[in-house]
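Note that chain A is present in both complexes that follow, paired respectively with chain B and with chain C.
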Partner chain A sequence: MQGFLDIFDIYLLEAVVNGILLGGVLALLALGLNLIFGVIDVTWICYAELVMIGMYGMYYMVQVFGLPYWAAAPFAILLVAALGAALHYIVIAPLLTAPPINQLLATGGVLFILQSFATVAFGIDFRNLGIRLPVLAIGEMHFSYSRLLAFIAALVGMLAVYFFMTRTYTGTAIRAISQDRQIMSLMGLDTKRIYLITSALGGALAGLAACLLVLQYDVHPFVGLSFGPITFLICVLGGLGNFVGGFIAAFVFAEIISLGGLFSDLEWGYVLAFAFFIVMMFIRPAGLFARRS
Partner chain B sequence: MLGHKATRLLVGLSAAIAVLGMAVAAEAQEKKIKIGVIYDLTGPLAGGGSELQYIGAKIMLDQYAKTGVEGYKVEAVYADAQSKPDVAINEAVRLIEQEKVNMLLGFFSSAQCVPVAARVEQLKNFMWITTCISSAVLADKNFKYVFRPQASGDQFGMMTMDFIAQNAKEKFGKEPKDLRVAIIHEDGAYGVDVSKGNEAGAKKAGFNVVMKEGYSATAPDLSALVTKLKRARPDVIFHTGYNPDITLFGRQAREQGLKFAALVGHGAGYGVYEKLKEGLGGDVNYVFNTDPISIWLANQKSMDPKLPPVIKMVGEEFDKAKPGVAIRSAHVGMAASNTYLFLTDVLPRAIKKYGGVDPDALRKAALEVDIPEGGTMLGFGVKFHGEGQQMAGQNERSFPVVIQYIDDKSYVVWPKSQAQREAVLPLPKGTTFSNQ
Partner chain C sequence: MNPRYIASAVGLAALVALPFVYREPYHLHILVLILIWSFAYTAWSIMGRFGLVSLGHGGFMGVGAYVTALLWNHLGVSPWIGIPISMVAAGVLALIVAYPCFRFRITGHYFVLVTLALSGIVLQVITATRDYTGGSLGYTPNRAPSGKGLMALQFDDKITWYLIALGVWVLGLLIWRWVDRSMTRYAMEAISEDEDAAAAAGVNVTAEKLKVTLISALMTALAGALYCQYQMFISPDTVSGIAVSLQMVFAVIVGGLYVSFGPTVGAIITIMLAEILRIGFGTKAVGWDNLVYGVLLVVFIIFLPKGILGSVLDRWKTQPKPTERNEQEILKAARR
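Up next, the complex of A and B:
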């Protein structure tokens, strides 16, 4: 019993809760990508760079133009939504019928364009919003409000997207178009419009993630490198297009990182998380909560 | 007809001689040293201090581009390593093989320095390192063409441990063996090397090392590291990192309620006060940093009298490049001083005594550098370990200093010979991280 208590200390509980909060951040990031990558089978390898542009948008509106945070957030979401729509219109639409590798390479190009654009336009300095939210203290445990906010946003966002996809005509059309691109236009659906709406929605979700991430991280042109690969892995692990699966996969991933980092070196947490992903790809290639084969 | 041909031949010959003569004259005029300069101007390391190093080196190179050195024109060719070791290697090779530079200068990141130094040595070119500190760059390599006036990473780690050891009893009221210390570091060549120095220093001082751990500088979350630190309850945290990992650590440490008595940083991100202040706000107050002394804090009275005007010039030029900076970063002076050392000591000797700027002439000139303490803007002297020695190419007279940020100013607090004020130790009651 004493041995159990020695291990199950207050810090273990703190690591578990911090893992859940990190899971909220990752789930929030995965939401928009799951919609694009998972549902309509379009690969935006530059997804994290759209988040980066949204973070810069927030920084400039709050720090430079003096807008309150809550007023700046909708503009940032709209900005990234517009970017998402533009990305589809300019880059993806001409490649819709091409092999997926072409989309991957083209959006890979956009990734470098956005990184270089940010370097030239905003400089290489790390920018900080300068907002320090209070800390929630429960006994010896302390938790970040900014992460709690991200967690709540991820939860609400996931439910909203889920209901949108299952209860609305547009949502049903988005799901239908992912099953057969050609047949839907024969059934009278304006596929171009649906793709554009989905891309704008994916962009808006990236914008939402940007609004909450900018409270926790400095923004710089390469901030996407820290999040991009993990976000893709979470979408795949949860089962492409499965929002609940993606949400849970984010928490599984985050808990492995957090607890692995607590019981061993921090780096081992990441090693274990990626090893878990590889093993799961052998066992369940379509993801933990596969929606479709 | 014959006369006409003879005239044409004469004109042709005259033209050929004239062209040849002009070429020779042009060659005589074109005596120059072409210096390849590599820093990170993009990528995460740029904002972590590399761009400031670039500015420092450029200020000095621009000055000597106007005057030349011993009849040689100074021409700098700049390249961006993009915070990537592979790009640094490719750029180094490109500058040597395509741009035909006579030497390379710069390098911020140790992860780049280690492979680039080996490649440059292989190509028998000359490399003058202004910044990166990892001992692994030179230790047991016996390089002939790579020189570093900068202090090495293990010296950084040993210096901070010595600083805390000498203050343990007086400031913390504890014997060194009772002082709990934690060593955390980014897991690249730079962080690992400094942490080795930390570990050796802790062993020498007899500290109780309660935790030692590395992490990736690009990790998106350090909360597990902070939780472990909370459990380990260190009095002093020795941290080596770049940015933004330092601000991420500081922010998560605050959010998770980590308490300690002192936080001691080791250069890189800790040397860029503006960014620390922006990311951590008032929590940066009383943080320590270890670096070669900022040229603007060095004791000018004990310095070679020709140096203070140069320091003034560097300050003025830096203010033009980056107006409105509260504390001029030590990074700028570091690169400026080490570049100045090359341009005023090594290069003139290579030209005058060894007849040019080829790698062997530069190498011989560098090996003869013998500058006493106070002979550089950074306060230390310069003499390089010679061939066959364990750290061949490393300046044996360099040393870092410990500074403390207090109310938007930085003060040298260690070693005592350079100290401008007493260190504030432990963290005052009421500050965010204070464990009192």
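Up next, the complex of A and C:
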């Protein structure tokens, strides 16, 4: 957590820019969660824990097996994508006809499993990659390259998803399913395959986020708790399944956390974000960009 | 006299008499834990059975435990006053979060995620105010000077605690039963089927939901405060946060969500499981109990969503005994 606190330094502008940089990664996480919700109508409570597993994957590949960062990242993304597909296949698929709350609680069970698996397998020590990227200084302001890299990579990742969704057959099918679940199987589309692909894609986004976050934060089994709740708030505020809403809400929240952390501890930034969220629920109950039915 | 009342009176008398006959401190300790957690799980199930799945109960429990302990340590307020204050604090928190949710029809996934964030935030606040709460290292209420144990609600002797926990547990069951027999239950069932239809039929959706939420939050805070007073040590991980909330869900679902003793069965199973693993693996058990919880939670939701007790009662239902009308009533509740 210490690194988390150091990031927010004294200057307002620096905090604003850092907020934008943080927003990139949060937007990436929100996109993955929204994608899964929009298509499969399931919320993965354990989403941040998938990121945690990805971070451990990066740690082991870089620190233990000595792979360079650039070579390890694709493997970590693949690993988490496979995990996402497995999660869907093992846990969600048998529950597709059950009440939605059951699916959500089952992923809560997976959260337990992943957290305690990490505790048992990796121990509760804090670990880091040992890669220290230089700090970029513009005038009096300091930005770490790792955050800049995370922001750019997150944007590239989101653009890639955008093109995949709009330019490929599978992507079009995914968007079609999120519009009407029943009719697509009548159109001769294999919904099971699409669900599996979506889950893998959601996992891959978590994997990408893991590769970026592992540069900034230490890994420990409960690291998911430090950005999981905020991701859920972002998704609810943006409207579950609403990609654009989630994207914008991510930046709003990142700014609040960043600016709140400027005046006090980072934890208070979270509290401020939550208070803001409650107020927003009064003003825009169905999310920032609700399509009123 | 109804045979069911006689049976429960005999059962209760046996439970009250138990510590005077059987004094093994370790087993009594386990029983006290089971009773306190059963009460917390019952509190959760009062909301959960109507489809109001809250993952914020870890937050309410944390407020109950920490407010009581902080008032005692810093202001010297006796827990007899501190516990009601902490319950009011948790109730206010519940209203602040739940009112907009219910007023603006935030249901299902949205509600779960909002309450999930709530328990995450309470954990963050406890960690952030580490100068007062000890942060993630945990917190210990000050020992009362000898002779003032009653005032400070601190007892060394397990029998007293057992009786307190038993009383609270019975209170929890009575509240469960009271809600079960009240109009609120019918209103809430209508709401969980179809909110708009219920509203059209004259149910005040927001008020009914708030009522159930408030009862549940107050009970959970009481459970947290009692846990704190009994254990004399609290840490953010044991009384607040997402893990505790999920643990409640897990226990209730394993035990049975729709029957009054379901949460108790869930508490017995979870605490016995944790203890067996702890004894079996020793210090290596860190993490193993949650691993088993997680696997069981997934397995139960997939294969036995009504829980152990709920399913057993369902099995009975297939051979009903016509003479016992009351039993049928329970079964009817179980079938839901």
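Just so we're on the same page, the second predicted complex is superposed on the first by the 270 of 293 C-alpha atoms of A that agree within 3 Å, B and C clash if a C-alpha of one lies under 4 Å from a C-alpha of the other, contacts with A are read in each partner's own complex, and residues count from 1 in each chain.
Convention: contacts are C-beta pairs under 8 Å (C-beta built on N, C-alpha and C of every residue); 3 or more make two chains touch, one makes a residue touch a chain.
Fair warning: this is a prediction, and the values are worked out from it, not measured in the lab.
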| said: In the superposed model built on chain A, check whether chain B and chain C fit or clash. | reply: clash
| said: Contact-wise, after the overlay, does A:205 reach chain B, chain C, both or neither (first, second, both, neither)? | reply: neither
| message | A:119 in the overlay: touching chain B, chain C, both, or neither? Say first, second, both or neither. | response | both
| said: A:101 in the overlay: touching chain B, chain C, both, or neither? Say first, second, both or neither. | reply: second
| Now for A:270: first (chain B), second (chain C), both, or neither, which partner does it touch? | both
| said: Contact-wise, after the overlay, does A:249 reach chain B, chain C, both or neither (first, second, both, neither)? | reply: neither
| query | Touching A:45 in the superposition: chain B (first), chain C (second), both, neither? | reply | second
| request: May I ask you to decide whether A:225 touches chain B, chain C, both, or neither, giving the answer as first, second, both or neither? | output: both
| message | Applying the document's definition of touch, where does A:111 land relative to chain B and chain C: first, second, both, or neither? | response | second
| query | If you stack the two complexes on chain A, which partner ends up touching A:258: first (chain B), second (chain C), both, or neither? | reply | first
| remark: chain A residues contacting chain B in one complex and chain C in the other 116, 119, 124, 221, 225, 230, 265, 267, 270
| Interface residues, chain B side, partner chain A - complex | 41-44, 46-47, 51, 83, 187, 213-216, 218-225, 227-228, 230-231, 243-244, 247-248, 251-252, 254-257, 275, 278-279, 281
| message | Residue numbers of chain A touching chain B in their complex, please. | response | 9, 11, 14-15, 18, 21-22, 25, 116, 119, 124-128, 130, 132, 135, 137, 140-144, 146-147, 216-218, 220-222, 225-227, 230, 254, 257-262, 265-267, 269-270
| field | chain A contact footprint on chain C (complex, rising order) | value | 51, 53, 55, 96-97, 100-101, 103-106, 108-110, 112-114, 116-118, 120-121, 123-125, 127-128, 241-243, 246, 249-250, 253, 286-291, 293-298, 301-302, 305
| Which residues of chain A touch chain C in their complex? | 37, 43, 45, 91, 94-95, 98, 100-102, 104-106, 108-120, 124, 221, 225, 228-230, 232-233, 235-236, 240, 265, 267-268, 270-271, 274, 277-278, 281-282, 285-286
